[in-house]
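A quick write-up on the structure given underneath.
A, B and C label the chains in the order they appear, each numbered from 1.
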Amino acid sequence: MSDVDRPIAGSPAGNIYDLGYRHYEGKRHGRWYSAWALYVDSLRGIWGFGRPMSAKAAPFILAGLYAFAALIQLAFSSAFSQAVRTEGTTAGLFTYGNYFNRLWIFVLLFCVAQAPEVVCRDQRYRVLTLYFTRALGRVDYALVRLASLASALLIVLLVPMIVLFIGDVLMGADMFVAAADELPKALPAIPADLLVASGMAAISLGLSAYSPRRAYAAIGLLAYFLLMEAVPSIIYSVGAEAGWTWSDKLALTTPITGLDAATNWFFGVPLNPSYPVTLGSDAYVVASVLGVLVFATVLVSRYRRISA
Amino acid sequence: MAASLSVIPEIIRITVRQLLGRRRTLLLLLLAALPVLLAFIFQLAVPANADKYANVVFDTVSLSVILPLAAVLFGTGAFGAENDEGTILYLLAKPIPRWVIVAGKTFAAVGMTVAMTVGAVLLAGLVDLFPSGPDGIAATEAQVAAMVVGSVCYVALFIPMSLLTRRALVIGIGYALVWEVTLSSLLPGIANLSIRQYALGVADWFFQIHKEPARLSSTTAVILAGVLVAVALVLANWRLSRFELPGGSD
Amino acid sequence: MTVQTLPAPNDSPLDAPAIELINAARWYGNVVAVNDVSFSLGAGVTGLLGPNGAGKTTLLHMLAGFLAPSAGIVRVLGRSPHGDPSVYRQIGLVPERESVYSFLSGYEYVRFNARLQGMKNADSAVRAAIARVGLEDAADRALGTYSKGMRQRAKVAGALVHDPQVLLLDEPFNGMDPRQRMAMMDLLGEMANAGRTILFSSHILEEVERVATEILVLVAGRLAASGDFRAIRALMTDRPHTITIRSSDDRKLATTLISDPAVFAVELRQNALSVQTSHLSAFRRIIATASKSAGVRLKEVEPADESLESVFDYLVRR
């Protein structure tokens, strides 16, 4: 109810009228709530919820493609288990350990498609001030965005693991025994995929945040990943031939192969001989964790210094 | 007709100026310098096998990454900038046949892509391949040819795409990556639809870069490439003639 | 609603009006942007008015050949502009979108336009166009350094460098300061006097009033009125005219006026008398005799709502 006749502040020359606006004097949520709200909104946005249907196409299709092989393997598990018993070989099958190694391209495409969505829109439409002037600060904003993409990737990575687990359980004679057997084999996938998700998310966001235009961010990401896969290993071979002793450290800089090698450590599997012999999978774990920290720092410093 | 043709250089000039002088072009330049830089490293560190490494770089870096990226950026940028900002009206409201606009833009985009990719490959070849004899020279010729064919085909593909869809950049890169690199190695039949294979097929005529011959013979590659370019340009022309502005606020 | 007489479609080109719409309509799915609009324009300046979303830009784009009409006929200089690039030799278009090639200098930009129009030795025409819009001093600077008003003028220069018969401008006065606006209006007036057909859309009613000889009012896609705006006002008989009068004795004059059937309301204000009449011409006849018989001296008689704004207001709210 407005009380126009009664000014709330006034002098004979001018008046301010009470139009009925009410101040909020109650309890306010703090930083954690803001962070959680942004996290949930971000995660939903990555999967296209709260956006038109076309925004859901890319993430779901790519996640589906990534999980597709596991689903096929599940569907035909009886036929596969038959083949395993007769030929005694499991080489062709997808397992927890080799899944990412074979199908990493879909995870990469997921990052290239969605990472720009996460960080570029706010820059392009210049709404960052709205975030920075609230309880959530610049650093929090960056870290929450990172957490949301990492969580989305974790979902993408874990779904096939779960499907494989179900498949393996069903292939066994007694479900509970099979489950008990399989669980220790499958569990390492959780920390392994956490590392992979964090690594891919950190790199993707750290680089994408430098461009307000989504398309250029996507292209820059692709260029980075593809070149960093090819070039360090080339230089490593050159170094091996030219007798450089430090060149094996270069192999640690490849993002995707490096993350894949790190997962071997969790599964307790030795590295493929194509990797430099001087490095064990633990070196790759260290390198991956360092990578996550470095790119997270890049991301945070970008948002610290961005003018908004 | 003659009057129309004389307009083409004008369009080329303005498109080149639009594409140049942006941050992305500078970054692309750095990217194109990469094979050259690596070529020097090879020549200095392992001169005996420099040519083999150069070929690996050609395959994994120049052909697979730099070529598609440059083509996507210039090919979608040729119309993209104007489409975005609405300045395409200024080009369309002129007494020029639509195919002239398409031709001018295409030449400009192809020219810049070729300049960048051929430059990279040629310089790298001079450093690494030439010293290894006539084979090296032929290999460089092959690489240059592959870059030219690839540039023409990719740009020709991306130009109508940039007129048809707003997500041309991402789709273009998705094509270059998933289709070319992944699927075409899994499914042999796809070679007929893969620009990478056209490029390699033509390159083969000069020099066999890989241990196995390219999947398409040179003649097939050229014919398919020509078909692709023709279809793409016709499509672009058709789309531009029917160009209608999206419903504005008024 | 007044509709001007339309020539039959088979007129010889010499008689054909420069711009002609016959029952033109344009829809996007369920949304009708332009609804059964007909008018024809010849030499002179015509202002296209309407609230936002009325369809002005759609109409201009149809005339510019960027949109085909969903129904009806659109003709510019006797031909349909859609799908016929050669018609652009005679059309100059100044679109609303602001961005132009910001790396070109003003001179280069106009010359680019001239060359694309097929003009061979364009230099003198380019210089003339630049002079006409008053950009000689800035012609060598990049468009990106121009102010908004200067960019507008550069666009206009680019649109008239080839001396087109028809000029279409979408909100041309945006971003111009009053002096530039007047210069632009003078320019448009000059071109109209030279026989050009000029159609421009605008929100700024004062400018339209000043420079347009005719107006077209578009409301929700339909043509609400066309012609000279004072004539339109006179036609709005269901709306009373308001006239403000200052006299030596307002109250006495009021009592005299209220007794006349042409007047239906009278309001005494502080310094003036506000009279409402539904018959303007009748009122004009009686005001002199009424004041004489009341013995009151008239100081000022002014129609209060003859402006385009009130006309527009009325049409939009109808």
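Throughout what follows, a residue touches a chain if its C-beta (ideal position, glycine included) is under 8 Å from a C-beta of that chain, and two chains touch if they have at least 3 such contacts.
Treat the numbers as computed from the prediction; the structure is a model and nothing was measured.
Enquirer: Nearest chain to the global Cα centroid?
Expert: B
Enquirer: Sort the other chains by how far their Cα centres are from that of chain A and give me the top one.
Expert: C
Enquirer: For chain B and chain C, let me know how many angstrom lie between their CA-based centres, rounded off.
Expert: 49
Enquirer: Need the CA-centroid distance for the pair chain A / chain C, whole Å please.
Expert: 57
Enquirer: Quick one: report the Å distance separating chain A from chain B, using the average Cα coordinate of each chain.
Expert: Spacing between the chain centres: roughly 31 Å.
Enquirer: Give the residues of chain A that touch two or more other chains, as numbers and ranges in rising order.
Expert: Not one residue of chain A touches more than one other chain, so the list is empty.
Enquirer: Can you name the residues of chain A that touch chain B in the complex?
Expert: Against chain B, chain A makes touches at 105, 109, 112-113, 214-216, 218-220, 222-223, 226-227, 230-231, 234-235, 237-239, 241-242, 244.
Enquirer: Inside the complex, what are the residues of chain B that reach chain A?
Expert: Residues 24, 27, 31, 34, 38, 41-42, 45-46, 49, 53, 56-57, 60-61, 64-65, 69, 72-73, 76, 167, 169-170, 173-174, 177-178, 182.
Enquirer: Applying the document's contact rule, which stretches of chain B touch chain C when the two form their complex?
Expert: Interface residues on the chain B side: 3, 7, 10-11, 14, 17-18, 21, 85-87, 89-98, 241-245, 247-250.
Enquirer: Mind pulling up the chain C residues that touch chain B in the complex?
Expert: Residue positions touching the partner: 28, 31, 33, 50, 52-58, 61, 64-68, 83, 85-89, 91, 93, 95-97, 99-101, 103-104, 112-113, 115-118, 158, 201.
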